[in-house]
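Data block below; observations after.
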Amino acid sequence: MISLSSYLFISFTLFIAGIAVMIARKNIIAMMLGIELILNSAALNFAAYTRFINNNLEGHLMSLFIIVIAAAEAAVGLAIVIRFFQIKETIHIDDAAQLQS
Amino acid sequence: MTSYTLDVYMPVIILMALAVGLVVVAVFVAQVLRPFKPSALKEQAYECGEDPVGTAWSNFNVRFYVVSLVFIVFDVEGALMFPVAAIFRKFVAIGEGAVLVGSLLVFISVLVFGIIYCWSKGDLDWVRSFQLSEDQVNQLKGIEEKA
Amino acid sequence: MFENILFFLSAALCIIGAAGVVFSKNLMHACVLLLASLFGIAGLYAVIGADFLAAAQLVIYAGGVVILMLFAVMLTGGSSDNSNKFGIEKIPAMGSTKTYVIAGFSVLVISFTVLKLMANFMKSYTKGELPAFSSTVEKIGTLLVTDHVLAFEISSILLLGALVGAAVIARPRKG
Amino acid sequence: MSPSINDYLNQFEAHRKAIGFISEVLGFDASGLVTFLVFAVASFLVVNVMALVGGLGTYAERKISADIQLRQGPNRVGPYGLLQFLADGVKMLMKEDIFPAQADRTLFNLAPLLALIGVFATLAVLPFSSGFTLTNLNIGVFYLIGVSSLVGVAVFLGGYSANSKWSMLGGMRGASQIISYEVPVTITILSIVLISGGMSFGSFVETQGGFPHQWYILHNPFTFIAFFVFFIGMLAETNRAPFDLPEAESELVSGYHTEYTGMRFGLFALAEYIEVFVLCGVAAAAFLGGYKVPFDLGNGVVFVEKLGLPAIIGKNIGQLLQMGSFLTKTLFLYYVVIWVRWTFPRIRVDQVMTICWKYLTPIALFNLVGITLWVFAFDGQSIWEVLSHLGGGAHGGGH
């Protein structure tokens, strides 16, 4: 039951969920939730492959760095969202249509 | 390196289930025992006896965010340093400790740069002191003199 | 037996959480459901013996990123408003069920076709007996300071950059 | 140290025989079932003891505060008022459950549950004795940090969901305080990981000894400072006075649980008291030698060899001694926590952040560097071993 394909299925589901969130939502923070899901699906893939194919733990390291990068991305992205909100008083993605405020 | 079975995670699941069970049982028993007489006045938010004004879900000061930002950077760096710290003794024992000391010190010093930057820019101050320009100071003085 | 239970619980939590993020209207609920999903992923890591990754997932996501997200939601008003400044509710073709059904089907068909085509080219691996679980902490630590020491050090600079950049962007302006 | 309580029991002949007997009766291999039962019973026991500790914690808190303030404290219910916490529990059960009309009901229900899950899950790795540890995970302390950060989310959600201004302020303050103080606490634990060479509580405790000079608090000058950094950070993480700003009654009514009534409030309080105990236990295990007993009485060899007791009894007497040692240290720290609460005045919210970011975190980082260099220079020996080597070296040189 616990096999590579089941892990890949879960990862696929997470990826699709993330894409759906990013397409369907117009709220920037909600879109960032989708990005987190996508990054997690990638990290899960790495860990699953490394366990079921050669078990040399390089994939774990990749997952670890993906988690680190996701955290940095969330920090900067949310800072931009907050700054955007301070200027425009909205976090709707369609209002972010100008390069300069 | 010892091998283990996944049974070591069993208590974690059992304890989480117990927590859920405790909450369900406690709330259910309370529902049976307690009185239930809701009224509009009871369900008001507590604002020291006044009628509540507006919603509490409004904007907050951005300093909360800056604090959590510094926190997450430290959190991630801690998470990266944990496995290195765990093997430190072994590397020292085989005489390769200098490499680890070097990489750990570089890592920590970058971290220290971050905290020094935030400190010097005042991000770590809860109450930010703003330097008033000379015009503003004079303006304030004028207001004081009038009063 | 217990492996299967842990796997099913984690997978269910993960997928339900992800689905909840997709369908939840309330941003706060979406954040909490994301937390559930990330917890499920931590459980999935634990099932394949990646104990350090599971804990790192808990520490970084449950403790850090989700709190950051909750704070950001609070700082931007707390609620999700669907209308933008121009009063357009949403892009018309984006929200209907029909779109999602068609898109989902096409994604499935295309991905299965692609996988089927690629299966011939990909080297098939013989799944032997998997090795027993052992603590990954020491191996990860050794890899971090030997083969991947550059990535380890650069990630600290990445985080420093993230800290400085985000602090500059988010810092409250005077006046 | 055994990886879990199940492995500890497995070393006894009687346990293995019992498994064989149950397997015969049931007609299939019952070892998995027995493992589950052992874990379930042990977890249930631990949770109940912890609930009792939480209840008695409220009693002890009142009694000690009364002692400090020259009052009587609770003395009506039961002998010396010992059953006061039961009366409180019954009162909380009978209280009406009020949902604020404008609250977010889902999150309002979820918040106490999250707090309780976060706290209960930390109990799994608490080392009560070398045998009675529910599970000695390889990543023990890192797992504990991760799971206990759920409490921060719970505090935030509890404050947010009630949609009351007091709750909201308390929740925001509480969450930012908890995450801020996680930084010095994590760095301090990291430095202990450096010395002990492992992340499990087993490796923490097993590398220490029974006597105070073998504890990590007296290992070297840096760990001595680190213990106090950890203790202060622990006070703040559990929202205890003088860091109880999230629930400061003179400023914020009752903080993040202002709108919580009845049992939900009780669950929050229970989670808080258990968390104090857990963190005291972590401090005891990481700095004060955990369950170690002097003269190696803990492994029970002495009782078998000197008194001629059977091995199983000798071993379990040793376990009891270890448990007593751990609980004594933990409860002493618990007492100090309560003592601190009724001695120091509450500090201001800006002082909380100043203490965390401008004092504790730099000190913790300095400690980390110091301990790294110490372990590197002296090969992980404690200051006493280094001194005795120096003395011995000087002596040898004289001859």
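Chains here go by letter, A, B, C and D, matching the order in which they are written, and residues are numbered from 1 within each.
As a convention for this text, a contact is a pair of C-beta atoms (placed from the backbone, for glycine too) under 8 Å apart; a residue touches a chain by one contact, two chains touch by 3 or more.
Being a predicted model, the structure only gives us computed values, none of them experimental.
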So which one's got more C-beta contacts, B-C or A-B?
B-C
Please tell me the distance, in whole Å, between the geometric centres of chain A and chain B computed from their C-alpha atoms.
22
Once you find the CA centre of chain A and the CA centre of chain D, what distance in Å lies between them?
34
What's the distance between the Cα centroids of chain A and chain C, rounded to whole Å?
5
Going by residue number, chain D touches two or more other chains at 36, 137-138, 142, 160, 172, 176, 179, 182, 199
Which chain B residues sit where two or more other chains touch them?
2, 4, 7, 9-10, 57, 60, 62, 64-65, 68-73, 75-76, 78-80, 82, 85-87, 90, 100, 111
For chain A, write out the residues touching at least two other chains, lowest number first.
64, 67-68, 71-72, 74-75, 78-79, 82, 86
Tell me the shape of the graph of touching chains, choosing from line, ring, star, complete and other.
other
Chain D residues within the chain B interface of the complex
3-4, 6, 35-36, 39-40, 42-44, 46-47, 92-102, 109, 112-113, 116-117, 119-121, 123-124, 134-138, 142, 160, 162-168, 172, 176, 179-180, 182-183, 186-187, 190-191, 193-199, 253, 258-259, 262-264, 266-267, 349-350, 352-354, 357-358, 361-362, 365, 368-369, 372-373, 375-376, 379-380
Please output the residues of chain C touching chain B within their complex, sorted ascending.
2-3, 5-6, 9, 46-47, 49, 52, 56, 59-60, 63-65, 67-68, 71-72, 74-79, 132-135, 137-142, 144-145, 149, 152-153, 155-157, 159-160, 162-164, 166-167, 170-172, 174
For chain B, which residues are in contact with chain A within the complex?
62, 65, 69, 72-73, 75-76, 79-80
In the complex, chain B residues that touch chain C
1-7, 9-10, 13, 57-66, 68-73, 75-80, 82-87, 90-91, 99-100, 103, 106-107, 110-111, 113-114, 117-118, 121, 123, 128, 130
Sites on chain A touched by chain C in the complex
1-2, 4, 6-7, 10, 12-14, 16-18, 20-21, 23-24, 26-27, 29-30, 32-34, 36-37, 40, 43-44, 47-48, 51-53, 55, 57-58, 60-61, 63-65, 67-76, 78-83, 85-86, 88, 90-95
